[in-house]
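Lettered A, B, C and D in written order, each chain numbered from 1.
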Amino acid sequence: MVNINQIKGWTRAEMAQNVARDIPDGSYVNLGIGLPELVADFVPKGRELIYQTENGLLGMGPVPEEGQGDRELVNAGKKYVTAIPGAAYFHHADSFTMIRGGHIDVCVLGTMQVSEKGDIANWSTGAENAVPAVGGAMDLVAGVKRIFVITQHTTKHGHPKIVEECTFPLTGKGVVERIYTNLATIEVRNEGLFVCEMAPDITFDELQEFTGPKLNQ
Amino acid sequence: MVNINQIKGWTRAEMAQNVARDIPDGSYVNLGIGLPELVADFVPKGRELIYQTENGLLGMGPVPEEGQGDRELVNAGKKYVTAIPGAAYFHHADSFTMIRGGHIDVCVLGTMQVSEKGDIANWSTGAENAVPAVGGAMDLVAGVKRIFVITQHTTKHGHPKIVEECTFPLTGKGVVERIYTNLATIEVRNEGLFVCEMAPDITFDELQEFTGPKLNQ
Amino acid sequence: MINKIVSTSSEAIREVRDGASVMIGGFGEAGSPIELIHALIDHGAKDLTVISNNAGSGHVGLAALIENLQVRKIICSFPRTANSKVFPELFHSNRIELELVPQGTLAERIRAGGAGIPAFYTPASVHTPLAEGKESRIFEDKEYVLEHGLKADFALVKAQTADRYGNLLYHATARNFGPIMCTASNVAIAQVNEVVEPGMIDPETVITPGIFVQKVLEVKEPLFESQLVEDNLQYPW
Amino acid sequence: MINKIVSTSSEAIREVRDGASVMIGGFGEAGSPIELIHALIDHGAKDLTVISNNAGSGHVGLAALIENLQVRKIICSFPRTANSKVFPELFHSNRIELELVPQGTLAERIRAGGAGIPAFYTPASVHTPLAEGKESRIFEDKEYVLEHGLKADFALVKAQTADRYGNLLYHATARNFGPIMCTASNVAIAQVNEVVEPGMIDPETVITPGIFVQKVLEVKEPLFESQLVEDNLQYPW
């Protein structure tokens, strides 16, 4: 069995680039906290995407220069952002009208687990000693038209994050359309998981080894 | 039996004045179309009322001077109005948040019938040949804190408009608090109808004659 | 580059198919997108379900659309106005269907449709004929009726100002149903008096964020229903 | 004359009784009404139910209110933040109750509470532990969960500008829960950076119409949670 640490796979930047390539021009996009945020840096030239952040801004722009941040102009991760010309602020009910109402085209989320049926578990490990916190994740996966997941293919310990059934509490059921990992880009279809693309230094059999459910080519 | 036409009773202006006197300082008020609109002209000195019109304006001001109207600044009766300094415009869902959510203190409405239980019927005669139209009446009577009715005491034919049970289709059930007519001001209580004040030229027995249900003094 | 501005009214409404559902903004003439409605008359799509607070007046705008027999059904709170002749006539001869909805319920149903809420409970219309046949339920000793979210294929609305992203500002009480109808339709089409560059609209003041709008048509000097009715005009003219 | 301006923070919050429900605006520190929360700490009302997106950080603002053991229960979407020590400790020792609600459901429940909607259906949380024990229902082949409107005795919010009628403008993403919390509370108390004369706020741009606000306190230079946390401050100081 291959050791996952021996496989270079895609970098975080390349993963983000893979996601960005699949988001059509003119899309309205919500990017989750962390790795998903990188996607904005890799939008192909000529495309214009509009970013929504659920705390009340459509037309989120890049991070401001050091020292230029406004404490009350932040993203869902509570980090300083800016607003593009043509942006709009709104309150939380209106924000989730966009989300729950199916007006956002794409949401890119990190995850702890994703199943072959497109179930996603990304808000809680179910551990007794954790403080439960859900934020907007359940609304996003229930409402946004297309849910893309971006994640390392396995946990730090080498366990698959793509599983037959999520063991962690679900965020949403049957909602994920595409999974972007450091090893492959995978589409969730009714018939199962289909590999769209693999990192250059991995074989299909190796990829299968690090994945819970059966993959299709 | 007295002929109702022999009784002078209160004028429309006096009726409106009776209503205005009962609206506390600082109230948010929605005035129905027609006779209720007169109430705004008789607010006692020193009181400030804020008028809401359900088509999207809080802080409705007086009718503009002839020729100064804005076709898109109208009241619920589609007549030209103005906005006071400190007014706010909003869309219909927000407008009915004010109404349904219990934020309006008083609504003054005209009516066709009102019952001794406070039922009101003011949107339809139920006639076969009429085009049904309801507007915001049902939302107003269901949501506003206090519903005042202002109406002639009887129909043109002398039939009581205050009845034991409404024969016209209801707008709302058990919602009316006070009834202001040209003959009397009447309060609707659980125990029945109580006369608060009578027009100067009518006796209690005469008033009872023109009223369906039993009145209490 | 995102650019939702279209240059002609026919381009604005050309996807409207026979049988489509169309929300039409306006409270009386305030906010009524007359030019878009007239374009829809020229376009000719039939068998429409129209969702609108009123049913038009005279023989222009929404009344003309109805008179032209393009509307199968109207969902409406107040189809009766001072100068409405068209709707009553068709209604009495059973050539148009009416679903009468209290105004606040109509607004909330549209808002729910746009917000992904399939149904909600409201106190309005309880114990009235308009609640007949509907589910009701008691919450904390008070009775409410179940109402369903309302969506449409298209919305035609009138606003004051837009940019190429579709951000909209409105004018006074012309705002009324426009913002919620934009949220509840697949294709929201706004006619606006003025198109400006992105950034000219203060993001704090945007009423309809561009995400809810698909097409914008500039109509610098829109017609007004009451003026046309006064002038005894009839569309098509 | 209507005048909702109060001159001291203690006057602003003095009606808050033990056992009251209190909505507190803010998404993290953006829109968090620190001065009003500190006034509530000074005031000392206990056994509160707090409705707020987060549970505060450090030992100031909402975290300090919790640390001061004034909060019996919190209804919240995300009680965990980078510098939250207070809430986890009390939570693990069962000294505070948590009702965890998805953020969009929290917003919609508050909005519904303010709009007189007792309950509605939402797709969020279906098939998750947060839907357990809740009614669900299918509409057009999709499953939804029934959620209830949320009201409170008080709301503490932070806005930018107000007039004596209580009309409010907000600043950037500090708007967040403020407008809906004002609608859903019996007494909405806003701290604002600036009070202006009626008419200075363009009626087209009002975010919270004054009808939803009962008290306004001017706090010209409000504190910021992150600065206080960075400075290792603790309230009461």
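Keep in mind that, in the parts below, a residue touches a chain if its C-beta (ideal position, glycine included) is under 8 Å from a C-beta of that chain, and two chains touch if they have at least 3 such contacts.
Since the structure is predicted, the reported quantities are computational estimates derived from the model, not experimental observations.
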| item | value |
| --- | --- |
| Chain pair showing more contacts of the two, A-C and B-C | B-C |
| Averaged-CA centre spacing for the pair chain D and chain C, given as whole angstrom | 34 |
| Gap in Å, rounded to a whole number, between the CA centres of chain C and chain B | 29 |
| Residues within chain A bordering two or more other chains | 57, 83, 89-90, 93, 96, 99-100, 142-143 |
| Residue list for chain C, restricted to those that touch at least two other chains | 108, 111, 115-117, 122-123, 170-172, 204, 207 |
| Overall pattern in which the protein chains touch one another (line/ring/star/complete/other) | other |
| Set of all touching chain pairs, with the criterion as stated earlier | A-C, A-D, B-C, B-D, C-D |
| For the chain D and chain B complex, residues of the former touching the latter | 1-2, 111, 113-117, 163-165, 167, 183, 197-199, 201, 203-204, 206, 209-212 |
| Chain D - residues contacting chain C, complex | 108, 112, 115-123, 137, 139-140, 142, 144, 148, 169-172, 202, 204-205, 207 |
| Chain B residues touching chain D - in the complex, by the definition given at the top | 26, 28, 48, 50, 52, 57-59, 83-90, 93-94, 96-104, 142-143 |
| Footprint of chain B on chain C - complex, ascending | 27-31, 53, 77-81, 84, 87-88, 91-92, 98, 100-108, 110-111, 122-130, 170-180, 207, 224, 226 |
| Complex contact set, residues of chain A against chain D | 53-57, 70-74, 78, 83, 89-93, 95-96, 99-100, 124, 129, 131-140, 142-143, 169-173 |
